[in-house]
Amino acid sequence: MSEVLGPVARRRAHQAEIEALLTRPRGLAGPAFGAAAGVLGLLALAAGVNLGMLALGSAEPRAKWGYTASAVAFLLQTFQGAPLLALTARLTKSLWAASLNRIAELMALGGLITAPVFVLLLFQLPDWHTRPSIWFDWPGAPQGYDAAAILMLALAGLSLVELTTRPDRRSANPKHWALLDAGAGTLGAIYALLYVYVQVLLMGDLAMSLVPGWHSAIVPASHAIQGLQAGFASVVLAAALTRRLGRVQHAMPLDAFWSASKLLLALTLLFFYLFWAEFLTYWYGRRPDEQTLLTLLMFGPYAVPFALSLLLNFAAPFALLIWNRVRRSVAGPMAAAASIVLGSLFEQIRLFVPAWSLAGPVRKELEAIPPAVFPALPDVLILIGLPAAAALLTICALRAVAPVSIWEYKSELLLKADEPYLRAEVTVLAKPS
Amino acid sequence: MQERAALSPAQINGDLLHFALKTPRQFWIALGVLGAIVLAGVVSEGFIVVLGLQLLGLTNTVYWSVFIANFVFWVGISHAGVMISAILRLVYAEWRRPITRCAEVLTIFALATAGLFPLIHTGRVWRTIYWVFPYDFTRNVWPDVRSALIWDPSAIVTYLIGTILFVYSDLLPDLANARDRSAGFRRRVYAVLSLGFRGTVRQWRLQTIAGILLASLILPVFVSVHSIVSWDFSMAILPGWHSTIFAPYFVIGAIHSGVAGVVTVMVLVRRFLRLEDYIRPEHFDAVGRLQVVVAASWLFFFLMDFYFGIFSREAAEIEVWNLRLFTPPYSALLLVMIITGYLIPVPLWLFRRCRRSVRIMFWTSLAVNVALWIERYMLVITPLSYKEPFTFTWVTAYKPQPVEYIITAAAVALVLLGLLVFAKLFPIVPVWAVKEGQVLRREVRIGRVTVPAVAREKKY
Amino acid sequence: MAVVNTEALLGIFETPEQVAGALDRLRADGFLATDMTVLTDAPYPEGAFGEASERHRLYVWPFVGAACGLAVGLLLTIGTQISYPLVTGGKPILAIPPMINVLYEGTLLGALIMTVIGIIFESRLPDLSAAPYDPRISQGYFGVLVFRLAGRADMAQRALRRAGAIDVVGTLPSG
């Protein structure tokens, strides 16, 4: 799994060539792009049609919305979690992420799919009066506040895409750069805060409030952190695919994947830690209501998605990423990322499908565990079609802007260079204040 | 960010080994004062052993008090070392260099002090040791592994031993340096401790790898220790304690207080050892930026604990929060906690000028630790103070007694005493790491500006 | 590269460039890369002086330690629970989740202890050899230690002096 790399000096020499590569029609050329767009478009259309049919049908049973809620949560974790990689990298001034930032930010376009479906789901919620929630029967809650939050998140994502792609779309003067620097940081912080806020609302209102007796304080926080893991994994996966299919290997060097894989390993361990914190607290106390919750969400009818989630989000990526040789490649992190993305889907299924299968009048406690709700064909089409729609938006965007941010790539070349030192060679990293 | 002055190795040796090799008068004064406070704590503990736990303010329901709050607080402070040292080593942050060792040493003494409190709080200390130690001393009773109170010693002992070994292996080159700069008995002691370290290529290679490897191994321990301490509470089915969020909440609170503790120690070391060339405003700036993120995360977890505590509408949980929010003295304490832990420090830390001010960073770090101590106090006391239907108390609220105040003060003095003695015997700022920073220091010309830079080994 | 042969010379230099030059000269004179090492007061980038790459097995030690720690943890947790089989809090006699916490700590403690032992061992410490050393090394000077001289002491000394050594100290066999 090793790869021959050219040193930065060679990259500098090929700068013009690489820029030409980045600015020519990107991603897939002609018919291949058309085929990909066609397939994704058809899947998206199928999802849209099925969503429409669900919405036009009767309000009950609300369990029919379980897989839609899972798909929305999956998009929030993957596509809308992706920009957090770019934000974290800019905050910590990490040069290694320069070649991944563009893909990470473009994935925020998934918000255009998440937001309307999220709002649609809000209006499928059962009666909120006297329901245990964070809203305490405030007027307009939860629909008004949740809708505002998800729309603001989508808008923040779009603004981020517009701002950070601007230098590649038109020429810039020093004032523009100052604005970009300040704007990217501020907008990034706003996006991150909104993201966490939306996760709290998602888990609080679209999951926990529907299940009698479920009030685990860690769930919103752990879901947000798992969003980081899934988001970062999505970026690695998308970047690896773009690198191969777009033939931009020189602009997306190995060290970006190597550094990203270390972050993925840390987040994988964090996934298990957060799961363990919740599980152990419920398991230990032996309270009947908590034992029932454990059965519902982990060891009962949804044991298979739970086991798959644990395997794909933790066991498999951990087993892969713990080896430095695997991390120091593109295929290794890509495989781990694919595992995490798939695991994220199963995780959302095991959280939201049981929750929506219990959506109904307010109850004090969960008397009986409902049987598992298996996906019907419309559910499968929605689960595949909504991410396909988000992916379609992303690859269309890659036709308009380069897959690697040219201005960040040039910054990286300015700030990083290999130099001889005595009888060896070192990498010199400039650290401007 | 990188404003390192060019310093010669001889100057670095002189500045950083000065306090270890010479004994100024202020050392004896500080030793005396801190020793006296610690002695007062020992005497108070003696009274507790002889006269019993009646000297404390314990009530029928509040059986864990200030001592357990102290235990949790000092375990929290001990997270400083790994946060600063291990994580910053793994990300190759250059600004870590002068502060890693004081953070690690703070960890050791904070953890050792924390470990005293579970013993002190039981009164008859020797029985606690029998109960916890994994050997059947008497009556065929073994420690119950299923108890969260047994997970504590396993975590704390692991963390303590791990950190001591981490510090020792990092100290080897500096012990060799001290050996070369001293004479007589002192030289022989340093020579033995340094194991003959010479600075060969092999030894430095392994030192470098050791730093990364040990940092990677100790990070999982760091996360687990305060999680296990939190499970002492959350495993109990007590309203206010039985919450799934306690593990990450405690860890982030520990990081918050620990980093603030490191800032306090940085200021003291810079001031009293006259290390202004080594611990510079840029270091406080970097730590301050980290603290903004940590403080925001801490507030988030606090709010999650609050919102999802009352989410359930369970009467008992709401009663505990009523006690915290609306019943004095807890309501006043909560207000102080939010103000000193977040509302004052974080807005200040948002400004670069404030982050670079040593004075502001010192006082905000103390404010944060006041807030976090109050947080631990509230976490321990308020759920226990909630009146269960079938229990009653003779007093309306738990009040700490004089021995509890004295022992709390003695704990602070003990940690500072430990730091003082360590700094007297060994260099508190890693000499070799600072020298390495000088070796790797570069400057790059970009257009008309000269930008500080750092050289890194090429990985491939 | 354990320096067990006391027949050795140490050249003291002022700059790292001189050190690199000294190693070049010594290699040109027929000394092997494994017959010399550089002494510094701080780590330098690997290969900076043209020295041989150091092979080590440090990465094995944490795994061995972790295995030992896990074994001890299993012994303790299973042993104590079986020795005193009392059902507490409705949990089974061999309760896996609590055991995992203790096993986790035991595994990491084992890994940490063995890693530090490994660092000391692989660094060839404690160094009880009588190989020459000079306190000026930790004052910022550089040392080039040449051993396994095999009668080439004069050649080594000349190479070190020509490379700019300000001093050459050493231990040579008598006679």
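For reference, chains read A, B and C in written order, and residue numbers begin at 1 within each chain.
Methods note: a residue touches a chain if its C-beta (ideal position, glycine included) is under 8 Å from a C-beta of that chain, and two chains touch if they have at least 3 such contacts.
If you're wondering where the values come from, they're calculated on a predicted model, not measured in any experiment.
Novice: When the contacting C-beta pairs are counted for A-C and for A-B, which pair yields the higher total?
Specialist: Pair with more contacting C-beta pairs, A-C versus A-B: A-B.
Novice: Measuring centre to centre with C-alpha atoms, which chain is farthest from chain B?
Specialist: So the chain farthest away from chain B turns out to be A.
Novice: Which chain has the mean of its C-alpha atoms lying nearest to the mean of all protein C-alpha atoms shown?
Specialist: Checking distances from each chain centre to the full centroid gives B.
Novice: Could you tell me the distance, in whole angstrom, between the mean C-alpha positions of chain B and chain C?
Specialist: Computed from C-alpha means, the inter-chain centre distance equals 30 Å.
Novice: Can you check how far apart chain A and chain C are, centre to centre, with Cα atoms defining each centre and the answer in Å?
Specialist: 43
Novice: So, what's the distance in Å between the C-alpha centres of chain B and chain A?
Specialist: 34
Novice: Going by the touch rule set out above, which residues of chain B reach two or more other chains?
Specialist: 148, 220, 231, 455-458
Novice: Pull out every residue in chain C that's touching 2 or more other chains.
Specialist: 44-46, 49, 89, 91, 98, 101
Novice: Multi-chain contacts only, two chains or more: what residues does chain A have there?
Specialist: In chain A, 280, 284, 421, 424, 426 touch at least two other chains.
Novice: Which residues, counting only chain C, touch chain B once they are in their complex?
Specialist: Per the stated touch rule, the residues are 1, 37-46, 49, 51, 54, 56, 58-59, 62, 76-77, 79-81, 83-84, 86, 88-89, 91, 95, 98-99, 101-102, 104-106, 108-109, 111-113, 115-116, 119-120, 122-129, 131, 133, 135, 137-140, 143, 145.
Novice: What does chain C use to touch chain A in their complex?
Specialist: Interface residues on the chain C side: 16-17, 20, 23, 44-50, 89-91, 97-98, 101.
Novice: Quick one: which bits of chain A touch chain C in the complex? Just the residue numbers, please.
Specialist: 279-280, 283-284, 286, 421-424, 426
Novice: Where on chain A does chain B make contact in their complex?
Specialist: Going by the criterion above, the answer is residues 5, 92, 132-134, 196, 200, 204, 208, 213, 215-222, 254-255, 258, 262, 269, 273-274, 277-278, 280-282, 284-285, 287, 328, 414-415, 417-419, 421, 424-433.
Novice: What does chain B use to touch chain C in their complex?
Specialist: 8-10, 13, 134, 136, 140-148, 150-151, 154-155, 157-158, 161-162, 165-166, 168-169, 172-173, 176-177, 180-181, 195-210, 213-214, 217-218, 220-221, 224, 228, 231, 432, 435-436, 438-440, 455-458
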